[in-house]
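As written, the chain order gives the labels A, B and C, with residue 1 at the start of each chain.
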Amino acid sequence: MKRILSVIIALLFFFMIVTVLNSDSSDSMGIPRYGEVKLSERVSAKYIEKSVNENQDEIRFGVTADAETGSANMVTSIVVNYRSFDTLGEVTVLFISATGVGLLLGGGRKRIGSVISVSPVVKTASRVIAPMLMVLGIYIFVHGHLTPGGGFPGGAIMAAGFLLLVAVDDEKRAYKGLKILEGTMGLLYVFIGIAGLLISGSFLENFLPTGVVGELFSAGIIPVVYSVIGLKVGAELSGIVDDFISEGGDEI
Amino acid sequence: MIQYFSMMLVAAGLYGLLSQKNLVKLIISLNIAEIGVNLFIVSIGYVEGGAAPILSSVSNNSSLLFVDPLPQALVLTSIVIGVGVTALALSLIVSVSKSRGTIDISELSSGGGDRE
Amino acid sequence: MNPVWLIAIPLALAFVSAFWRIVSGWALIIAAFFNAFAGVFGVIFLTATSFSIGGWKAPYGINLLVNDATKLLLPISNILFLFAVLSYLRKGEETTKYSVVFLVALASLNGILLTNDLFNLFVFLEIAGISAYLLASTGEGSDSKVASFKYLMIGSVGSLLYLLGVAILYGAAGTLNISELAARVSSGQISGDVTLVSSLLIVAGLGVESKLLPFNGWVPDVLTKSSRVATLVLASVYPLAMVYAFSKVILAVGDDRVLNLVVLLGIATVLVGEVIAFGQKSLRRTLAYSSIAQSGLAIFLVGIGSVEAVTGSIMLLINNALSKFMLFSIDDQVIDEAGRDDRDTLYGYGRKSPIVGVTFVVSALSIAGMPLFFGFRGKLNAISASFEASLAVPVLILIAAAIEVTYYFRWIFTFFKPVGTVQAPEKRILPSVEFLAFGLVLSTVIVFLGVSSGEAFTMFERAADSLVNGVLAIGKAILGGM
């Protein structure tokens, strides 16, 4: 009975969305058909042209200097500059989740051992690969304004390096400094915002020069913020992994 | 087409959420539904023939046709939020299973006491 | 003062508390005091309305909106949070252990009240939601963890649906700014199918946190099983922010048919909440179901949508926050002293502890809507505004109000029933100092607002007007300037 009801509700939901996708938009704006979006009707037109402050010049890769956000990756310019408050909120979500996991599970001295015994080949190889993963993570978030990726995937890959080390070695625990790194990086992000408030008048405003579009040292505070976020996310996810493998902890 | 597939994913996730009893399966259904919603949001921004919204030596000026970058930014945030909620939910499951000994939601709701 | 400080300071202190154990206990107190002062003195005298984040003008950037409604609700929320934190500071180490969670909750609640962007609201709702799931799990034993898990499940599904609604609305309208969307929706630019589906999804999403039927399965367990300070915050400050967010969004982008549905759901919530509350044996469970009913009242008024109705909604929200704070504090006092809060334990409690008894009378009668108390003005507005909907609505509200008055009076009589005999007179119980202080302040406010004359009430009307009309006006200005 419950299953039939669930199927009915799921199907109802599906059909409701299908009708809105097919709605006729003759005299009013409906959802455009897949692929037929007119970007000029959306706010994104100004994000692409980097003309929110009414700058009408064309942006050329490697040539234009002092553009609005200066970042070649437009998604990054939205995430870290135009809608930076959302990213601060996102960082906070991850932070509070990691804190919650720590409160519920953490604090155990012993570690949960793995059931399978790992061969020495894997152990040695992972000690070589894990640092490579960490460097890859660092590369991704440092180049967040030039290539796809940014702080969050970069931090996640760094945590994957840590996870690899944890998976092959039964004695591995997190480094002591991870919590400090996480908290300090979060504090740094809020301080960058407050610095923007005190220097330029709005919270999280870009107060560094934006350089030439496409170079490594460009885009003002964007690489700084993404590095901060990358380190924070890496430390946070490693902390979550560490909490999950710890045994004992608070029996509440 | 992809919009219909993503909605089917969401519908499948909703079905799982409504009918499953195992706590871990509930989390999996939630994740499936979240993936469906994220896919749908990205598909809202597709422009036929548009390039990926990154200025590079290939697509090197901003007057070319680009895909809408805003939904991608929204999805970035949404994925991370999903990760956070999943981590918290899993740790709650571990905590509950340690003290109650079961991860079946019908057994938990009928109130029982703590194990030992 | 830029209202961003209300969000930035608790957040910064939360990050510091994560790694510096010594600071964490103090950080919560410092942040709560700062927010309370800044919330009152920094916000009330503000003249500017829109503060952009990042320096980008709306709708290209996110902006924080300070209108008459937020000027009213921000001080109240922050002060109530301060009271909650101070209430058990001496006794429990709960605030020290969970100080990070409380700090993030404070920042997110302010963010919800201030933001003017749909996706930013989603992010802050998630932050507040995760903090709420953690606050709900603070109770002893595993019951609170199960309640928190259920809350997490329902809450996550709700935010998923909300996000889908926002995505559909963005697909059609091309912007995420609430004011601009209000202008576009009201001028009929967006197709009816889109507004209908997106409003439905948004109501489902925001309704979970606002305790709307049928999404409120999480409420009784969470409010009864979490620890003391957490319950105070979850029962008094959270509903203020969440229902305000609901009003803000639905009044701006809601489809008219969905607004009618909201009226129906709200009334159903009120009736179901009151009926179930009537039969409860434990005071805490009564209060939990009464909270559901109060939210239902506030929401159905939002569904009606006129300035008078929204005025009533805001008054009921504030009344609920103040009264529920005191009622849950009273319940904590009883449980502290006697261990349980069922009817037998409470017999004659009001005689043993007269201060508790008086505060109980004030807050209970205010929620029930008796004259002389603030709740009466709110209920009056509610009933007179509900005549607009149809004639059946005021009747249903009056029935629900009658049920509510009955069970609150039953509890009041329980409190004051004489128990002791001449040989063994009842001993006096003194409540804690904090309870004395806050109870006095809140009771005075409730009675003052209940008897004061009409001039004091223009601030509620202006708040409602800014919600119903002000947001739209800003949106039209944005559209005109583009």
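Keep in mind that, in the parts below, contacts are C-beta pairs under 8 Å (C-beta built on N, C-alpha and C of every residue); 3 or more make two chains touch, one makes a residue touch a chain.
A quick note: this is a predicted structure, and the numbers were derived from the prediction, not measured.
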Checklist entry - Hey, which chain ends up farthest from chain C, C-alpha centres compared? => result A
Checklist entry - Between B-C and A-C, which chain pair is linked by more C-beta pairs in contact? => result A-C
Next on the checklist: Mean of the CA atoms for each chain, then the mean for all of them together: which chain is nearest?
Outcome noted: C
Checklist entry - Taking each chain's centre as the mean position of its Cα atoms, how many Å separate chain A from chain B? => result 15
Item to check | Whole-Å gap separating chain B and chain C, where each centre is the average of the chain's CA atoms | outcome: 28
Checklist entry - Rounded to the nearest whole Å, what is the centre-to-centre distance of chain A and chain C, using the mean of the C-alpha atoms as each centre? => result 31
Checklist outcome for this item: Touching at least 2 other chains, the residues of chain C are 119, 123, 126, 130, 133-134, 137, 141-142, 145, 164, 170-171
Checklist outcome for this item: Flagged in chain A as touching 2+ other chains are 17, 31, 42-44, 47, 83, 86, 89-90, 93, 96-97, 100, 104, 252
Checklist outcome for this item: Touching two or more other chains in chain B are residues 10, 14, 44, 70, 77, 81, 84-85, 88, 92, 95, 99
Checklist entry - Quick one: in the complex, what on chain B touches chain C? => result 10, 14, 17, 23, 26, 30, 33-34, 37, 40-41, 44, 70-71, 74, 77-78, 81, 84-85, 88-89, 92-93, 95-96, 99-100, 108-109, 111, 114
Checklist entry - Can you list the residues on chain A that touch chain C in the complex? => result 16-17, 19-20, 23-25, 28-32, 41-44, 46-47, 52-53, 81-86, 88-90, 92-93, 95-97, 99-100, 103-104, 179-180, 182-184, 186-187, 190-191, 193-194, 196-197, 200-206, 252
Checklist outcome for this item: Within the complex, chain A is touched by chain C residues 2, 4, 8, 11-12, 14-20, 51-57, 59-62, 97-98, 100-101, 104, 107-108, 111, 115, 119-120, 123-124, 126-127, 130-131, 133-134, 137, 140-142, 145, 164, 168, 170-176, 184, 188-194, 196-198, 200
Checklist outcome for this item: chain C contacts chain B in the complex at 119, 123, 126, 130, 133-134, 137, 141-143, 145-146, 148-150, 152-153, 156-157, 160, 163-164, 167, 170-171
Next on the checklist: Can you tell me which positions in chain A touch chain B when the two form their complex?
Outcome noted: 2-3, 5-7, 9-11, 13-14, 17-18, 21, 31, 34-37, 39, 42-44, 47-50, 58-62, 72-75, 78-79, 83, 86-87, 89-90, 93-94, 96-98, 100-101, 104-105, 146-148, 150, 152, 213-214, 240, 243-244, 251-252
